[in-house]
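The following blocks contain the structures, represented as structure tokens.
Both complexes below contain chain A, partnered by chain B and then by chain C.
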Partner chain A sequence: MPEAARARWVLAVATSVVLVATGCSSGGGGSSSSDTSKTFSYQSSEPQNPLQPANANEVGGGRILQNLFRGLVDYDPSTAKIRMQVADKIDTSDSQTFTVTLKDGWKFHDGTPVHAKNFVDAWNWGATTSNNQINSSWFSDIEGYKDVHPAGGQPTVTTMSGLTVTDDLHFTVKLSNKVSYFEYKLGYIAFSPLPDGFFKDPAGYGQKPVGNGPYQFVSWSHNQEVVTKTFPDYQGVDKPKNGGVVFKMYNTSEAAYADLQSSNLDVIDQVPPSALATYKNDLGNRAIDAPQGAIQNIGFTLYQSDWSSPDKAKVRQGLSMAIDRDTITKTVLQGSRKAASAWVAEGVEGYKEGACGDACKFDPAKAKALITEGGGVPGNKLTITYNADGGHKEWVDAVCNSIRQSTGVDCTGDPKPDFKTARAAITGHQLNGAFRTGWVQDYPLNANFLSDVYRTGAASNDFGYSNPQFDQLAKQADEASSVADTVTGYQKAEAVLPSGMPTIPLWYYRTNSGYSTKVQSVMFDSFGNPAWTQIQVKG
Partner chain B sequence: MPDIHDEDSYEPHPKPGVSHLDYAGEQGMAVEQETLVESDVVKREEARSLWGDAWRDLRRRPIFLISAVLILLLVIMAIFPWAFTDADPRKADLVHNYLKRPDWTDFFGAGWFGYDGQGRSIYARVVYGARASITVGICVTAAVTVLGGLAGMIAGYFGGGVDAVISRIIDIFFGIPLLLGALVLLNAFSTRTVWSVVVALGFLGWTQIARVMRGAVLTVKQSDYVVAGRALGAGTGRLMFRHILPNAIAPVIVVATIALGGYIATEATLSFLGIGLQDPTISWGIDISSAQKVIRTAPYVLFFPAAALSVTVLAFIMLGDAVRDALDPKLR
Partner chain C sequence: MGSYVLRRVLQMIPVFFGTTLLIFLMVYTLPGDPVAALFGEKAADPAVVASIKHKYYLDQPIWKQYLHYMGNLFQGDFGTSFTGRPVTDIMAGAFPVTIRLALLAFVFEMILGLVLGLVSGLRRGSVQDTLVLILTLLVISVPVFVLAYIAQTVFATNLGWVTPTVQNSYDLSQLMLPAIVLGSLSLAYVARLTRTSIGENLRADYMRTAVAKGLPRRTIISRHLLRNSLIPVVTFLGTDLGALMGGAIVTEGIFNVQGIGNVLYRAINQKEGPTVVGIVTVLVIVYLVASLLVDLLYAVLDPRIRYA
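== the complex of A and B ==
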């Protein structure tokens, strides 16, 4: 075996010598040559919804869409700082009215130009109730959102008054309130532009999306793969260094890892728990261990009468204190997570360690007392629903064992076959008790972990949590005059959460991943995504 | 087992259907001579039935004895698991017992087989897992025997249109693969217990028994003693259950015993796939499924439940083989 390896290494050196000699570039990695026309495959899961930018709040669809579309801004994968893409500049004087200037020359994959009206139409369409977009509340900052998305019934208009097209390359956004960090939000996939053709056939475009991103859509074989290829006319700062991404759907992370080892898959999302102890040995320098702006929580069905009464907050605090986070992260999760003490992930702007207070500290005696004080868990039974395709079984079982042995509450896991089924049950409110929930940052700011999850009626408030005090503090933070004030404002809002305990923070994520021998220059950002366009496929 | 023809002496020595096979066994000439003598003298008290013969035959088979002892042990384990271990199979101690290796000095103790990825005693889980497997095996077999036996009996006895309808239904069910059908059915249960698995497997598994039963009934129906019974005015129920059933049941018992092991394996497969039994039920299938995540670092977590499952399935299949040999020597 060493001989075979040496032979290949010699060959690689010989090839690069030839390339250097003939003046060809051998690629950024320098270790071997790369072929910019070759595609690589990435572990994915079947999108929950059609591929419409405002219709994905889960990674299956979101990761595909962020390659097909580019918004006004995105985040630099190495620094997580905002950088301009379609936007040339975004100006504001009062944190309420923003003037957007677009760069000229951007095109959709169908050849039509990306103009101001493509953004305005896309945002209006995504916000309108009748279009049923899951991320429509992302547009709720914009003035006139309530007209297109009333609390009940059908909208009277389909355009938001806050959006005005000045000319092809300029438009203004007026918000109903001051949101100092609005620019941060614009990197989210929901703010992507849509081509004119989309509005004639949204369902058809949902199956065959046409975007303006670095990759264009080729085909979608449901539950198998989504194929994309590099878009030659892409105008962004991150020009692809490969020929495209193939998103292969996997039901288990074990299967994906096995495929990675046999080089049938190039980049994985996360190594499965079964491989955590060994993946660094298995993959050597192809293993990745990077921090991630993501948190794992247990959410509760606060919309059910069983969990809605104020007393039950004590029960949830008790359950939280019954979980031995430190031991579980060290053993079952093999150091791939870090025990959480707040609702905002570590490393995110505005992270405040210990925001959860005593409620996130393991204390079986106090846990038991709090649960009794709060009237106990309904039926003394707790069910934690989770998706069986994400490697969650081990820790859900461990959390349940910890709860059962600390407090006597009969806790069991309830696996749903895949993420899509589990998400559908969660968003359709077809659960009983508790469920696994996670939050991967949309933008690296504490506001994202709080406003979009715990505000009344927020897009990802799957719990039905509603706390006027929290809403009020979040509103004040949004109106702050600077991002720094916003951050402290949201820290105050986070301090309200322990009293109601809508979710139990468990631990912060790390990206434990790896790549095959066929690719190089693979880097993961704090979103837990690879820097797609920078991946090089060996020639 | 009493002589089934004691009361019905229309034919002192019936050789209907399968039961006559008994007399052409390996004892060969000796048996035939014996039967000759028997039928000449008509010593009914000493006449051995199919069952008596089978039992005598079985007692001499080591395979039967081994499997019977194993099954007895497993059944006792299923009923009284606490007699085999003091350890609580659900007690998880991650702090001290995470993936702890087997400790052979801890003979019959909690740590004997080591601890799994949740810090639970593997030995206790193997012992407590017997209940789910044995219950599913026995209950599904009982369900398919009653359901399939009844369907086969009705189809074979009445024949004609009734037979045609039942046979087509059997054909339809026969076309559904057991595992695939069970996957679909079990998905319909929101919480799955041993009983949902029994219902699903019983609903899908009765066709084989029904076919065997129908065939046996068709043969037995032609026998002189049945015709005689009918001529003497015996009712349908009496004919079916006193005359036909006892002579047609042997092949059904053979098929059912062999299938029992298969049902246990199917339950484990379904649980392994996450669609069979669910926590908090303790099942070897579930444990095998979770063990695969740590197979590279802790293979013993997989070994013990897998071995328990293999031994159990093997014991039932060996028992089925032995019973078949005893009841139907021609297939030997």
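== the complex of A and C ==
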């Protein structure tokens, strides 16, 4: 993981050693003795879906499920590298058939063992259309997915042919295509195992989940809090150093921040925009500023004749060069973002700084020349569509100002009332020109930022971008024999993007957060989540 | 009297149908697809979208959806939210919070508002009167969220008397501060209404008669003056109770009170038809009952008003 976070982590450990050695304790952000039986509270929002792993799509439910369940693998919070959890090893010789060996001794919170069939049953259940799971497309790599999840109508079978249980601790996964980095995907919450009891009453388990993770479910007072406690039989490598997490529901980030300052709440999600300028002063060494695996882009409607001709790539490059990213991130966004120079977010495995090349550097003169060379922006007018409920107005206006001043192109923002309206317009191809888009990592690998967005016909390719060379390189990368080769393969594919410029990378997200005086050793991973189990509650 | 009440209750039935239909249509015409929005920034899977829509009856034409909803409603089923929770459960969790908050605010604004109005109305032009006028003007002109943030900063952050937000939404003592903020605007109106009303009635003929009869001042004020002056105030308070129940979104947000305002706000954002219609229907009924009570109170306050 990213330098800044690692540095802070090391620093925290170092101070704790010194303080323990000299027998000091301190308030503030320093370190003191901790009590492993005490719980801490975290800012949350009421889950929008039942608490089933394959149904976790928004942070409210997702963060809770992450703590209740552990999959075959997860990602080390400090390096973002993959590490084995329930899996002992995952072997493959051809990047298509994977043999999974489980560790013995893992248990669900109800005491039943975690066996191979718990994974296979859970995946089959999650993939089947009739179970209405939002994350079902995650299983689409597995052979037989189309049988349980046909394009239309209800499925006739409920098991995927690619999944075979060998014995209690072994199962094999056969994919319909080669995906060398499949194990990276397995860290996603949708691939969690489910206890046998779940399948008898999925709705009931959605209200009272039983998992195999470091924390077990205690209670859920709707709109108030979800209480968890440490699971004593947890077998993972990240044994909790606290007694549990209490997820307190907040309607606004301002309210959560007010509670954090008075230590009525221990760790927050993100500081509210109104406090961005002051939070480092308010919290001192309890403030957090860490990179996040997410990127903000401006996408183009390449399916429209106005933007489809190859010349227009130059216009898009020009527009990109007309945006003064450094100034906007520092002023309008108050340092909560970092100017982007690639399509893959910083801190992600395979991140290559400067992949966008000159096209992401601010150069008004060259911008103007490129736009003229490409035949100009249609009508000399550009509209950027965005959702007005996401706090995007300020930076869209700033980007437009930057473009207008640098090139004279009449750029204006086009707000849609809310997120779902904007999404409907984007996916319904009812736009004209440009729109706000972005990508938050599902797993910290560059393939996720590229394959899922820029491949011809990819589910999130809202631009209609299609480049045979990119598709070919991505295919080769998927078929590589190791994850390391996949990563370099996708870096090659990313190098194709500047020539077509389907989107303009703007900036990478950052986690601007903080914690109360009651906790210590708080660090955030590239998903923007704290390393839950490592947080210590002061004694 | 009895037949009047019965007539009023019967009038509620068409109003009930009208509002449910209107709200249902409004939610339906909100832009965007609520099921696709569940997928966030990711592309929505058409098969799952179709399956979820089928589950929630959203794949039917609007009139069928409405009939289906009303059919269930008469069996006591308010529908299910996307979280899989029945709407009745959601309301059972949030309404007690809002009722507590609204009643606290109501009691606060009523008692303090009447006292302030009485004091300043009886002593027009005095120092107290001027003070009340200035204070109420200040409260009316400052938006409620500014008041809320000031109260939060002063009483929680600076003085430390309370926690900045409500830790347990069912705890009356913690709801005091939000209730005072919520009720402060209406308090100002109540005080000013009472003041004006008392000022007018002081000059009425029956007041002169009462004074001429030699009645004690206390009796004159409580029996004659105050009772007659209360009619406009009661009208305002009655409608305000409904407003306090449904209109606390801003205050609930700042103090993190998990009441009906926030549930409704979230449901509208997510276009959750059953939740929105259920809550609004209950709010409409509260409003109707409150206005019926106000009308009945008129007769108590002024014996000249009779309902045959």
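Everything below uses one rule, namely that the second predicted complex is superposed on the first by the 321 of 539 C-alpha atoms of A that agree within 3 Å, B and C clash if a C-alpha of one lies under 4 Å from a C-alpha of the other, contacts with A are read in each partner's own complex, and residues count from 1 in each chain.
The definition used in the following text is that a contact is a pair of C-beta atoms (placed from the backbone, for glycine too) under 8 Å apart; a residue touches a chain by one contact, two chains touch by 3 or more.
Everything quoted here is computed from the prediction, not taken from an experiment.
Once the two complexes are laid over each other on the shared chain, residue contacts for A:Phe231 go to neither chain B nor chain C. Of the two partner chains, chain B is the only one that A:Thr278 touches; chain C does not reach it. In the overlay built on the shared chain, the residue A:Tyr386 is in contact with neither chain B nor chain C. When chain A is checked against chain B and against chain C, the one touching more of its residues turns out to be C. When the two complexes are overlaid on their common chain A, residue A:Ser136 makes contact with chain C while staying clear of chain B. When both complexes are overlaid on chain A, the residue A:Tyr508 reaches neither chain B nor chain C.
Once the two complexes are laid over each other on the shared chain, residue contacts for A:Pro417 go to chain B and to chain C alike. In the superposition on chain A, contact of A:Ala258 is made with chain C only, not with chain B.
Common to the chain B and chain C interfaces on chain A are residues 254, 417. For chain B in complex with chain A, the touching residues are 90-92, 94-95, 98-99, 117-120, 191, 274-275, 278-280, 290, 292-297.
For chain A in complex with chain C, the residues that touch the partner chain are 46-50, 57-58, 129-130, 132-134, 136-137, 149-154, 203, 206-207, 222-224, 249-252, 254-256, 258-259, 261-262, 264, 389, 416-421, 423-424, 427, 437-440, 459-460, 462. The part of chain C that touches chain A in the complex is made up of residues 31-34, 36-48, 50-52, 55, 82-85, 89-90, 93-94, 152, 156-157, 160, 163-165, 167-169, 252-256, 258, 262-263, 266, 269-271.
The touching residues of chain A, when paired with chain B in their complex, are 254, 272-275, 277-278, 324, 327-328, 331-332, 388, 393-394, 397-398, 400-402, 404-405, 410, 412-415, 417.
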